[in-house]
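Shared chain: chain A. Partners: chain B in the first complex, chain C in the second.
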Partner chain A sequence: MTGWPAFRRRFLRNPAGVFGLVVIILMILTALGAGLLFPASPLSITGDPFIWPGQSPAHPLGTDILGRDILAGIVHGARVSLIVGLAATAIAVILGMTLGVCAGYFGGLTDVVIMRLVELFQTMPSLIFTIVVMVSLTPSIPAIVLAIGMTSWPQIARLVRAETLRLRNSEFLLTLKVLGLSDLRIIIRHLFPNVTSIVVVTASIIAAQAILLEAAISFLGLGNPNMISWGSMIGSGKEALRSAWYMAAIPGMAIFVAVLGLSLFGNGLNDALNPQGTHK
Partner chain B sequence: MSGSGGRLNGAINTGIFVLRRLVHVLPTMFLILTVNFFLLQMAPGDAVDVLTGEAGGASPEIVEMLRKEFGLDQSTGMQFLRYVQNVATFNLGYSVGYNGHVAPIILERIPASLLLMFTAIVVALIVGVTFGVISAVWRGRWIDNVINVISIWGFALPLFWLALMLIVAFSLTLRWFPASGMYNVYQGHTGWAFVTDVAYHMVLPVISLSVYYLAIFSRITRSSMIEIFGQDYMRFAKAKGLHPARITLRHGLRNALLPIVTITGLQLGAMLGGSVVIETIFAWPGMGRLAFDAIFRRDLNLLLGILFVSSFLVIIANILTDMIYSALDPRITLK
Partner chain C sequence: MTQEPILDVADLRIAFRSAGKSIPAVRGLSFNLRRGEILALVGESGCGKSATAQAVMRLLPEPPAEIAGTHALFEGRDLLRLSEAEMRNIRGNRISMIFQDPLSTLNPVMKVGDQIAEVFVRHKGMGWDAARKEAVRMLDLVRIPEAARRASDYPHLFSGGMRQRVAIATAIAARPSVLIADEPTTALDVTIQAQILELIRSLQREEEMAVLFITHDMGVVAEIADRMVVMNGGQAVESGTTEAIFADPREAYTRTLISAVPRLGAMNGFGQPMRFPPPGRIDTPPSELLMPDTVRADERPLIEVRNLSVRFGGRAGLFRATGSSVHAVENVSFSIQPGETLALVGESGCGKSSTGRAIVRLNEPTRGSILLEGRDIAGIRGEDLKRMRRRVQMIFQDPFASLDPRMSVGAAIAEPLVVHRLLDRKSARTRVLELLAQVGLKPEMADRLPHEFSGGQRQRICVARALALEPSLIVADESVSALDVSIKAQVVNMMLELQRKLGLSYLFISHDMAVVERVSHRVAVMYLGEIVEIGPRAEIFGNPRHPYTQRLMAAVPIPDPSRRGELRSVPLNELRSPVRPHGYEPPERVYHEVAPGHLVMKAG
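Let's turn to the complex of A and B:
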């Protein structure tokens, strides 16, 4: 059984993977609808401070130290997490696929140089590197996306390189060469499609890691101060941990569900793509 | 050959291996320095403006000293050479925020961080490997499902959030464990009392830091144990009539440990990053906490020093990993 219908059937049979997909769809809808649901800025004060969840119908999840609505913060915070997760993953995928295919296909010096770069970014602890980037540039969403993307691409590059090495001496590729296709055409038309499936699985894991990394950076107070994010909400909730722990607890659960959804989705994809692996 | 001669040979081989690996990582270290220098150049203003201005101003003498140290009157290329030369002699520059040289400030903080990370890795290994073995042996039973859920959850929990929730539960509510510091400053414990005091302070940070790795270790142990159960030598051990527990531990686990050693080495960088948030939350006096203070003071030079030193620690850890790997699997020799 191959092809899209078979893949879809296998994926839908896995409840955990479907749960992951539902979480991702809900998150996208929340991020898109944030402006409609809560038109006011989530940083504006809309009520008394320290309202516990369930205490006031106007603030279902309560308010924070300053009286900002927590539900509005969660809904708007989904935007930051989603943007950072998607954009950082996009950078990692583009860089990782291009460099990984080049390293595997051309070999030689190209391979040596690219693998040195892979080693470099796998040696530097990604959170510390991201912190340094945020301190030397001005804290902003593009800076955080760039920093996370730069530390994540080696995971993809290594996989793609290994897969390309496997394909390089296959008859399929040798035929294309004999036919006189240019390197660029072989890479784009024939190699990229063949490595896509392994990249997709890793990409969902990278998106999950990116959301966690962004949360940690914002928690440390290095995010964009004009945008609310789940990490920064936990950071400000930390100040009231003794009297109002819900302020830190709620955004943390949002991060947990988002990351859980992405990793279950990734596992589901992996199982559906490699059906023999699941019945071992 | 006599036993001592073999041991001597082994020691020489190991020495050559370590030397060769250190030479091999020199280009990587050089690249890290290049990245550091590049980041320093990217920051607005010249390096001295960044280092002094954002740290809240500095005396004219220090500004003068820094300008000389960075050779700002010279070309970018010369500045870079100077930077590399400084680092090669363990001069990581001057921290305005701490009013001292960066290298000793960082070195002083390393033991506390290593203590925390090492304990967390050991805890994660013991618990994670146990979970993984149980999961593999009783595959498909309820206990396997419970452990799978724990490991998937552990993977998705933001560890700084877990740390805060542990503080709420075990420190603020139940008052079982302290929420900050490494030891009780007022009581001035010595000897064993000091050791137990530190251990007591370590409970919550170690749990927070180890959960993620516990999840990884348990997952990897499970899958590699399941793979090993299908191998011929396991069937052979069974056919020999060996006790099932002995087969699982002696023949199964020993081989399953190999991928775990590799992953531990690969994950050390992530753990150094994790320790920044955990040390910050628990006011643990290590390198991570230092990094947070450096963020707060916008002390870029100190942060660059921390990035460099932590990368170096990752490299050392990877060399150690390879040595442990070859000790576990005699077929692999150090090259």
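Let's turn to the complex of A and C:
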């Protein structure tokens, strides 16, 4: 049994995966609706500083050191996290799939060159690489996306290469060669669709990692100072960690839920795509 | 030999739960296995024979499997109702099992001696030292040469047949009273199969075991079983002594199964290939089945292979020293006429597939030339190669692996037409429906995905796709070997029919001598990368001259239990390896023409 309905049924049977999906949908809705919910800039001061959550109905999650509304920050920060998560993952997937398929399919020198490049990026600490990129470029969303994308693609490339190697010697690819199909056509029409399922699963994990990495960068104050992000909120909250821990804890919870949601969604996808693996 | 049943299975029912539905695999099967006999459970894939064996051993995971039934009594205990702990004391100790794939049944990181010794430690409470000594004795028992030395080798140093011997040694180490053998010879070459069958028979006699032998191969049944149960659709359709059933099969299904087994020598006196009788009409006279002469002998050969060699590895790299290379194909020459079928036979590793792949240019020939209608295709690339692809097509063995699982069958067949810009999309669609009809499938099947088809149907789809480009030559690499006998007969008939209609030539690569006898005009026997004998089919089968050809013929099981006495004691030797040191040059071979067109390599 295969196909979309069966896949959907298997996915919906897994409560953790469904929870992840709900988190992702909520995050997307929050990010889209941020401008409607809180039209003012989340960086503007809207009240007294150090209002604890629940103290004032105007600020349900309280305010930070400067009197900025924390809920507005969380809602607007979802945008940054989501954009960075999706865009960096897209770069990683495009780079990783292309290079991985080429390495596996063509083999030889192509493989050697691509795999050395993969090793180069994988042995480099991704946080430090990202910091270096951020410091040398102007701090902006595209820069952070690029930096994270550049460090995440090797995971996908390795995976895709392994799967391509397995498929390369399968009779179905040999048949296609004998039928006179060009390499480009074999790769695009036959290899890509067959490696997509494993890539989708890894992509959701990479998105989660990207959100974490973005938070780390913003926490260190290397992000765009004019954009609020969950990481920068923790960064500014750390000043008052002893007296007002909620300033760091609330955006921390937001990151935790987002990353957990993406990971659970990825696991759920994996179980639904490979049904044999789960019941053994 | 007593008549008392040692394993009594009554009304066994097995179902598999999938997506809320319960799909029955075995529906009320009853049989009993008597002390000291070999009982064969025969049937085609999906008939429930393996599920039965695994249910008796309680190896099926529950769920998804659901096992019910009156009982499976073994030594007074009901196997269907024992706890897992009790089953562990029976498995490998009182009832053992051997499986089809000897490559995956042994632990690759454990010495073979220790794997056998483990059984003694676990079930007989021996110390490791004593157990290792016993293990050597077991290796000796299964006739592994130099057992004491080989006990400390790892599995990868053993060939497939030798690994199956080790697996058997492990299975019978605890002197079980029942051995369940699930297709134990299916993955092996014929000469190795003959050796393993002989081993199982003699061990069964020496150790007084009862053997439940599961197979799809009627020839093997005739060779080994005392009694047999024929299964179809999860039920027993017929059971009795092997002699009685072969002499007088009662059920139509049994008759079809027996008649579908190709018999070596069935073609004596017929010059042309012959179709299998259609199902249910096994008494069709040969004259109706014989194909007309399709060979256009006076024309230029369609393909001429001259001194072809294919070698792998051995090239020095940055981190790779020059060492040895595999001489997969060595100095092979043959030609095929339009409308002719040349069969390339031999055992695994003999280079027959490498030869086929070199002809369709999946392998680069190391030396030699391949002339297609007079033009050398050995080194062509780009557009020339693409044009060549339209003339020469290939069909592979595994119908489950040779179709893209995500592409509809119609799109898969149309793809070559579109890629070669032969037809636009609309006329391609019409052509797809034509092609489907040509291979005996329905037009409405075009929109389905490969997984909705059975193995035989998928192989037809592969043939349809190969035919899309209207090739002159089809290289069929073990294309019917993975199919059930009745399906095999149908696909072979279809291929013969296509040859008659379209004037196709085939290079038919197979290890199955009996099918080869049916389909081929000429036969080439390969051994260690070289052709040792080539000639007209009737000559090769009627008058085999090379010792290897003779050995190959002798090892084919005969589907006739009354001829079992002719047990051909095939000498115990392994296929030598075609790995040669770098720079090795094979000796000059001399061929001797024993009859017109029948060439035999001189020993030396």
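Quick note on the criterion: the second predicted complex is superposed on the first by the 280 of 280 C-alpha atoms of A that agree within 3 Å, B and C clash if a C-alpha of one lies under 4 Å from a C-alpha of the other, contacts with A are read in each partner's own complex, and residues count from 1 in each chain.
Please note the rule applied: a residue touches a chain if its C-beta (ideal position, glycine included) is under 8 Å from a C-beta of that chain, and two chains touch if they have at least 3 such contacts.
Everything quoted here is computed from the prediction, not taken from an experiment.
Asks: May I ask you to decide whether A:R185 touches chain B, chain C, both, or neither, giving the answer as first, second, both or neither?
Replies: Only chain C is touched by A:R185; chain B is not.
Asks: Under the stated touch criterion, name the partner, chain B or chain C, that contacts more residues in chain A.
Replies: When the residues of chain A touched by each partner are counted, B comes out ahead.
Asks: Quick check for you: in the superposed arrangement, does A:V133 touch first (chain B), second (chain C), both or neither?
Replies: Once the two structures are laid over each other on A, A:V133 reaches chain B alone.
Asks: Tell me which partner A:R116 touches in the superposition: chain B (first), chain C (second), both or neither.
Replies: A:R116 sits against chain B, while chain C stays out of touch.
Asks: Please work out whether A:N194 is in contact with chain B alone, chain C alone, both, or neither, and reply first, second, both or neither.
Replies: In the superposed model, A:N194 contacts chain C only, not chain B.
Asks: After the superposition on A, what does A:R9 contact: first (chain B), second (chain C), both or neither?
Replies: Once the two structures are laid over each other on A, A:R9 reaches chain C alone.
Asks: Following superposition on chain A, which residues of chain A contact chain B and also contact chain C?
Replies: Overlap of chain B and chain C footprints on chain A: residues 280.
Asks: Any idea which chain C residues touch chain A in the complex?
Replies: Residue list for chain C touching chain A: 18-19, 61, 63-64, 357, 360, 362, 385-386, 389-390, 392-398, 401-407, 415-416, 419-420, 449, 451, 462, 465-466, 469.
Asks: Would you tell me which residues of chain A are touching chain B in their complex?
Replies: Listed in rising order, the residues of chain A that touch chain B are 116-117, 119-120, 122-129, 131-133, 135-138, 208, 212, 215-216, 219-222, 231, 234, 238, 241-242, 245, 248-249, 252, 255-256, 259-260, 263-264, 280.
Asks: Of all residues in chain A, which touch chain C in the complex?
Replies: 1-2, 6, 9, 170-172, 174-182, 185, 189-190, 193-194, 279-280
Asks: Please output the residues of chain B touching chain A within their complex, sorted ascending.
Replies: So the residues of chain B in touch with chain A come to 27-28, 31-32, 35-36, 39-40, 42-44, 50, 152-153, 155-158, 160-161, 164-165, 167-168, 172, 226-227, 230, 266, 269-270, 272-274, 276-277, 280-281, 291-292, 295-296, 298, 300, 303-304, 306-307, 310-311, 314-315.
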